[in-house]
Amino acid sequence: MAIDIISWILLSLGGAFVFIGGLGALRMPNLYTRMHAASLTDTMAAVLIIGGIMLQAGATLVTIKLAAILLFLLITSPTASNALASAAILSGLHPEEGKIDAREQRE
Amino acid sequence: MELLGLYYYWVFAVLLMIGFYAVIAKPNLIKKLIGLSIFQAAVFLLYITMGKVEGGTAPIFQDGVTVYSNPLPQVLILTAIVVGISTTALGLGIVVRIKEEYGSIEEHDIQKRDRR
Amino acid sequence: MIILFGVFLLTLLVITALAIVQTESLFAAVILTGIFSLLMAANFFLLDAADVALTEAAIGAGISTVLFLGALALTGERERGKSTNRLIALGVVTVTTLIVIYATFDKPRHGDAEAPVHQHVGPWYLEKTPELIDIPNSVTAVLGSFRGYDTLGEVFVVFTAGIGVLFLLSARSAARPESANPSAEPGQGLRHYLVPRVVGRLLIPFVFLFGLYVQFHGDYGPGGGFQAGAIIAAAVILYALLEGEGQALRALPMDVLKWLVAGGALLYGAVGVAGMLLGGNFLDYNVLASDPIAGQHIGIILIELGVGITVTGVLLCVFHAFAARGKL
Amino acid sequence: MYYAVTLATLVTMALALVRALLGPSIYDRILAVNMFGTKTVLFLSVVAFLFGRPDFLDLALVYAMINFIGVIAVLEFIRVRAENDISEKGAGS
C-alpha cells in the first residue's frame, strides 16, 4: 500500500516535470534556455516516471528492463543535449541576449 | 463514438492525399520521395487499423488473454516497411545520380536540359 | 480512453505531414520526418502492432533519417522551384480525399471484431499457431512459416534494391573532381566532440547485444530478423558517425558486406531447398527434425537469421554507398 | 494515474511538435526531435503497463537507442555542411 502511494507520487511528479519541460521548451526566449528547460526536466521526469513504474512492477524481469531503459536515457539524453549545445556554439550561435535567432534569417 | 471509429480512416485518406500532393505538385525530387514515404505510411496505417480488434491485444500469446488482434496485416506491413526503406534508398540513389548528371534536382531544370 | 489517445496522436500526425510538405527547407522536412515516424510508431503500438512499431522505430527514426541526410549532403538542401500546377493538384487532391472519406462510411467501424478482415485466414493463424508451430509470437509464426514464400520474396526485393543502389552509386562520377578539399581528411566523423564520442563508443556494444537479443528472442516477444537487422546496422552506422567512415569500413569491409547481402538471402533459399531434399516441400520446415514442431523452430530461427543478415548487409551497403559519394 | 501521466506526455509531445514547427534555428528543431523521442519512450513505457503487457518494454529501449543515433547523425551532417561551406568560401576567394 505504501509502495502504491509512493509510486503514485513519483508518477504524478514525473508527469508535472514532463509538462513543465514542454512549456519551457516552447516559451523560453532563446535556444540555450530552451535546451536547459528541455534537457533538465527530461532527465528528472525519466527518473521519476520510470522509478514509479518500477515500484509498481516489483522485483521481476520487467524491472530490469525498466532499469536498462532508465540507464540508457540517463546516459544518452544529456549527451545529446551536450553535443547539440556544442554544435550550436561552434556554428557561431552564442548565448547572448537578443541576437540568438539572427542566424535563422540568414539561412 | 460512431464517428470516432471512422477517424482512423479519415486520417488515412488525408495523409494519403498529403503525400500524393507532394508527389504531383512539388518540383523537387527529394520532396517527391518524402511525399511518397508519407503516402506509404498512410497505407501502413490503414492496414494496421483494420487488423485491430476491440478489447484485443498484440498477437503474442500470453496466459489469461483470449482476444488477439489480427496478425496477418501486421506481417504484411512489417515486411513492407523494410522493403519501403530499400526502395526509398534506391530512389535516393537515382536522385543523387540525376544531380550529378544534370546539376539540379528541380523538375524544371531537368526538363529544360532535356529539351535542348 | 485509449482511442482518444489514438485520435490525439493521429491529429499530430496530420499536422506533421502538412508541415513536412509545406516547409521549403528540405533539412527541416527530414527532421520532421523523424517526428512523423515516431508518431507513426506510437500509433502502431496503440493499435496492438508491437512488432510493426519496433520495425518502424528502428527503420523510420534512425536509418531513414540517416539515408535522407546522406542524400541531402549530395544534392543540396533548398527547394528552389515553385510548385507546378498548384490549383489543379489541390483540386485533384481535395476531390479524391472527399471521395475516399465518403467511401469510409461503408467500412466496418474501428476495432469491430465482425469485420470481414477477421473472418478469413487471420483467426485460423491464431488458432493453429500453438498447435502447429508452438511459439508465442504468432506474427513471427505467420512471417516465418505460414507465409514463408512471401517473406522470401520480400527478402529478395530488399536484396535487389541493395544491389541497385550499389550499381547506381559505385559508377565513377565524371562531374566531381577527385578531392575538392585535400586538406580535410574525408569522413573524420565526430572526433572533435569528445563527450558524444566517448559515450557513443560505450553504447555501441550494448546496441549490438540488444540487436542480437531482438534477433533470437523474436519467437517469444516482439522482434525478428527485420528489426534486428536494422538495429545492428544502426549500431555500425553509429560507429561510422563517431569514428569516421574509414574506420567502420576497416571493421566491416565492403567485401564482407556484399557477402552478407548475398549470404542471408541464400541461407533463406537453402533452408527451403533443404526441406525439399529431406522429402518435404519447398520451405516446409516439418522435415528438418524428427519432430515436426522442433523442425518448425529450427526453420524459423534459420530463416530469421537469413533475413537479419541480408537486412544488415543491405542497409550498411546503402549507407556506405552514399557516404563514399559525399563526405558524410 | 497512468492516464494522467500519459496525458502529460501527450500534451508535451504536442508542445515539442509546435517547437519543431516554429524553429527558428535548426538546433531548435533537433532539440524538439530529441525531446519528442524521450517523451515517446516514456509514453510507451507507461502505455505498456496500461495495456498490462509489460514485455513490450523492448520497444521503448529501441527508441532510446535509435533516438540517440538520429541526433548524432544530424549533428554530423551539420558538421560536414559547415566544413564544406568553409572550403567553398576558401576556394572562392
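Read from first to last, the chains carry the letters A, B, C and D; within each, the first residue is number 1.
Please note the rule applied: a contact is a pair of C-beta atoms (placed from the backbone, for glycine too) under 8 Å apart; a residue touches a chain by one contact, two chains touch by 3 or more.
Just so you know, these numbers come straight off a predicted model, no measurement behind them.
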| item | value |
| --- | --- |
| Highest C-beta pair count, chain pair | B-C |
| Separation of mean Cα positions, subunit D and subunit B [Å, integer] | 20 |
| Inter-chain centre distance, subunit A versus subunit D - centres from mean C-alpha coordinates, in Å | 11 |
| Subunit A-subunit C separation of Cα centroids, rounded to whole Å | 28 |
| Multi-chain contact sites of subunit C, meaning residues that touch two or more partners | 50, 72, 190, 193, 196, 200, 203, 221-222 |
| Interface hub residues of subunit D, defined as touching at least two other chains | 13-14, 23, 26, 30, 32, 53, 55-56, 58, 61, 65, 67-68, 72, 75, 79 |
| Two or more partner chains touched - positions in subunit A | 72, 76, 79-80, 83, 87, 107 |
| Interchain contacts (touch definition) - all pairs | A-C, A-D, B-C, B-D, C-D |
| Contact footprint of subunit A on subunit C as seen in their complex | 25, 190, 193, 195-196, 199-200, 202-203, 206 |
| Subunit D residues within the subunit B interface of the complex | 51-53, 55-56 |
| Interface residues, subunit B side, partner subunit D - complex | 57-58, 60, 62 |
| Subunit C residues within the subunit B interface of the complex | 3, 6-7, 10-11, 13-14, 17-18, 20-21, 26, 29-30, 33, 36-37, 40, 43-44, 47-52, 55-56, 59-60, 63-64, 67-68, 70-72, 74-76, 79-86, 89-90, 92-94, 96-97, 100-101, 104-105, 107, 109-113, 115, 117-118, 121-123, 125-126, 129-130, 136-139, 141-143, 147, 150-151, 154, 157-158, 161-162, 164-165, 168-169, 171, 173-176, 220-222, 224, 226, 229-230, 311, 314-315, 318, 321-322, 325 |
| Touch list for subunit C against partner subunit D, complex | 1-2, 5, 8-9, 12, 15-16, 19, 27-28, 31-32, 34-35, 38-39, 41-42, 45-46, 50, 53-54, 57-58, 61-62, 65-66, 69, 72-73, 77, 180-181, 183-184, 189-190, 193, 196, 200, 203, 207, 210, 214, 217, 221-223, 227, 231, 234, 237-238, 241-242, 326-328 |
